[in-house]
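Both complexes below contain chain A, partnered by chain B and then by chain C.
Our next item is the complex of A and B:
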């Protein structure tokens, strides 16, 4: 029936019907973005994918690189090493941001200054943070020297050039992102909801647990995704304050080694693909959890 | 069971600004009180102080013999209906209503019985599983009321609950609120800037002005007997004319004059000051021959169904508002008159005109 109607109706009607579904000439405005996306993302991705399927080693077959990666425990262990850094860093950044954002949700004197102080690390590059960490937390850094002077320690703690150094660096650079995002989600929650809960007998903890947290949860999931992506791609700090050939040999370092030290671009591409797949899996998990949460507005009623 | 609530010199300052200054009021159990005044008069501050959402800067609040102004809101056991309803968007209607009972640890079976009862009462049973965003404004309003009354609070606080509704719904909900009050007998404090709402709902009105009580009384007292020009402005005296009193008042009446006309009215002055405000309701100003004649010309005519709302202007430029069934059109010359009994003469004050709507 629809087909016969389409035959009879004139062109403007079809156009207006398409417009009703959001298909009209304004869609052309998307063209530059689509071109950019194809050129900067889709093409490199597909190029990398086909490269990864053509191993340099003869006779490896289509999946030779992948087989090689997963059969070598030193290589495949990098997945776990990366997750071991990215997951705790994400958790720390998100969980630490919640209480701080909660206490900063209102307006008070000095809020701007406090926010600025909390956010400054974003403006420092990873390299600067790494340098600071080396000086501060190193064996002869202030931190260890102070603890040694006071007599709490007998020998310096090893806090850099290992797992902890990288984790510190990820927290320092990742926290401001998480905090800013969560603060804005938190500020989006109508403050009268909390007051309403209070008049209904909810104490401070219950107000947080029953009202704030459920309304914040979708935002927390989004924040966690972004933090995870940032942390998962860790490279500079893993080399500078980590142990790039040992405990912090993360996926990006493995890919770098393959491509630029062994000159095996194909293997490097394969590792990059694996990296993407793991990332996607974790993101899918987080967004899956998010879709089961409440997603509506965070204000009550009109106004 | 139904306690008496006493406000004793309740004061709230914001920095240098005094929002509420020495507010005294005794609210009897089951009473419906309306706090009336323009925005910024301190009425919402008073409500928030009662709810415990704002700490007092001075004074005390007593429920029977217990001083409660130090208690946090969650321990006062008062219900509150917010202007924007403040429904929990992530909970269904039923769970919104059940929230307070859950917080007070009411047993599941009893809680669900009470929730169903209240949902029936406000006619929301068919929407019980919906979320607030799926409801119309009037339905959201009902949820907000249901959520508060299900707690059977010793005091129900309502902060301009009808101001977000359209005119028709506002009338409906007004009746609904009055009906609920008659049915449940909950002691209620209702904040509004709408005199009609206050007059039709409340057992007693409290008229606030700049944080100070201007007049307290039942509608039957305030409406015919406003204590000041400010109160008169809220009680439908739309014509508030600045005039000069002539010397001497006789039989409780005084003659006042302005450029172009003279009126004889009922003397409501404290002293006998010369600067006065002359208050006349639009319905008391009639076209035609009679006492207190004023010559004017019709400027604006608004159709009001039964009658016309007319703005007329004297030759000297004094605007007069009247209601009439006569078919006037702009440009008509009219002779207006008013019964001296219905013309009230108050002492003039500087902000007296701010009270009008």
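Our next item is the complex of A and C:
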């Protein structure tokens, strides 16, 4: 940018003035993507927003849908139910990934294979994991059968069609994802830093606490955000392994129900908007926590 | 010496947890496979006999040949369009600083960060208004919404790795813009394009919410057909449903194996990892 400025000749044309700010024909390459996203993302989103402000029930007023949602505890309770699933799932996935990634950060034989095996659940997707959990954790599934045969249990544990089934499915699909991200952040930390600390007499815990963890903090925040996004959207597992009319009636089920079973698109859009707002609020909290805990450049990030 | 001894229990605990996770994962997948191959299975460890009839059952009952064709039509269309639109956009984003770039980045990030249902419901509503809901076109359009930003974000670092001097050199040698694209940029970007394409393929095949909201009976992809079958469990034999689940699993595993041959997962993630912070 500075170089072009010094090269500027006496009377810049409009085009060259624009080019100086980075606006030239290359930007046309961006046009199709921006136009498509405006038409297919921004427009429907705004359409949904205004639809949500025009309740189908007469006399509701501008905020009628929102008022109806928050005054009905069965509806507004879905926010808490969603968070009760998404927050623990995120915490488990991120916290469990840290030590595992820590021990796997070096190179060793079979690392690629182990990584590949851990990635499998990501590709399986939530629907398949839900279907598998129904069998495996069901009253006659292998899990309960094993515990019964060993004699730990007297009667099968009830692990599906309730909160726990959904939580398990979120951990199974979310953990590999968190692990991969944290492993790549961990591999990005210069190993010489740790060796230098060891030379200066730091023990393993001190090295982890004082070197690895601070350098990992921004990556952890990012991973937590992405995991939360995944867990928050929970839909197929909540309705398949969960109790879709009770303890796992999450926001996405409520929104789907309103829009496509009650055919109240206006209410459905309103719940969808609430869902987006709650998610963004939690993300803002997570990123805020990150900037309080850690000030400095993110590891190797380009900014 | 003492340091090693302190490190031991933690290490064993961690590997134990990994082993526990993997054993349960294997059990989960295994039980679906065994069920899909079994004859009658009541109160025993394994079914009484081995049969492949559930596969032919599932194939006919769920019209799987049609579902598979739809799945790949959708995936191929989404890959082609998102690459065609996304790669040039990634190039422009990587090379230029311009006013309003932050707004463009926001437009790219929101579809990836917001829950699919948040924009899926209004999107489906619009599709119903213009009578595209339930068609193949609708499903492809819906899947493009997250796919285009995804391609752009995956491709941007790849473009940044290409030295601009190479482009200048090609210009100096008299290459036109089109020749520059086809002879210099695209060949250099092939690894990135391949990675982005494969990831979009994996994501589209696994994309449940958006396809579920926009598809009709004739435009279901495999994952939606599987959900519908599982949701209406009891109508069909659950062995058939599991046979379909196994077919879905094989499809995704095949994609995973292909993907892993071309891209290293940790490398890949470190490339896309910058998306949420900015």
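Keep in mind that, in the parts below, the second predicted complex is superposed on the first by the 266 of 303 C-alpha atoms of A that agree within 3 Å, B and C clash if a C-alpha of one lies under 4 Å from a C-alpha of the other, contacts with A are read in each partner's own complex, and residues count from 1 in each chain.
The rule is short, and it goes like this: a residue touches a chain if its C-beta (ideal position, glycine included) is under 8 Å from a C-beta of that chain, and two chains touch if they have at least 3 such contacts.
Please read all numbers here as calculations on a predicted model, not as lab measurements.
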item	value
Partner chain in contact with A:267 - chain B first, chain C second, else both or neither	neither
A:178 touches, of chain B and chain C: first, second, both or neither?	neither
Chain B versus chain C as contact partner of A:159, first or second or both or neither	neither
First, second, both or neither for A:79, with chain B first and chain C second	neither
Which superposed partner A:203 touches (first chain B, second chain C, both, neither)	both
Touched partner set for A:211, first chain B, second chain C, both or neither	first
Chain B versus chain C as contact partner of A:44, first or second or both or neither	second
Partner chain(s) touched by A:129 [first = chain B, second = chain C, both, neither]	second
Contacts of A:167 with chain B and chain C, given as first, second, both or neither	neither
Most chain A residues touched (candidates chain B, chain C)	C
Residues of chain A at both interfaces, chain B in one complex, chain C in the other	203, 298, 301-303
Contact footprint of chain A on chain B as seen in their complex	51-53, 72-80, 82-90, 99-100, 103-104, 131-133, 137, 140, 144, 147-148, 151, 157, 164
Residue numbers on chain A that touch chain C, as the complex places them	1, 21-24, 26-30, 32-34, 36-38, 40-45, 47-49, 51, 96, 99-100, 103, 112, 115-121, 123-136, 140-143, 145, 172, 175, 180-181, 183-185, 187-188, 203-204, 218-219, 221-222, 225-226, 229, 232-233, 235-236, 239-240, 252, 255-256, 259-260, 265, 268-269, 272-273, 275-276, 279-280, 283, 287, 298, 301-303
In the complex with chain B, residue positions of chain A that touch it	190, 192-193, 195-203, 206, 210-211, 214-215, 294, 296-303
Chain A partner contacts - residues on chain C that touch it in the complex	3, 6-7, 10-11, 14-15, 17-18, 21-22, 24-25, 27-32, 35, 42-43, 45, 85-86, 88-89, 91-93, 95-99, 104, 107-108, 110-111, 113-126, 141, 144-145, 148-149, 152, 157, 160, 202, 206, 208-209, 213, 223, 226-227, 230-231, 241-242, 245, 248-249, 252-253, 255-256, 260, 264-267, 269-270, 273-274, 276-278
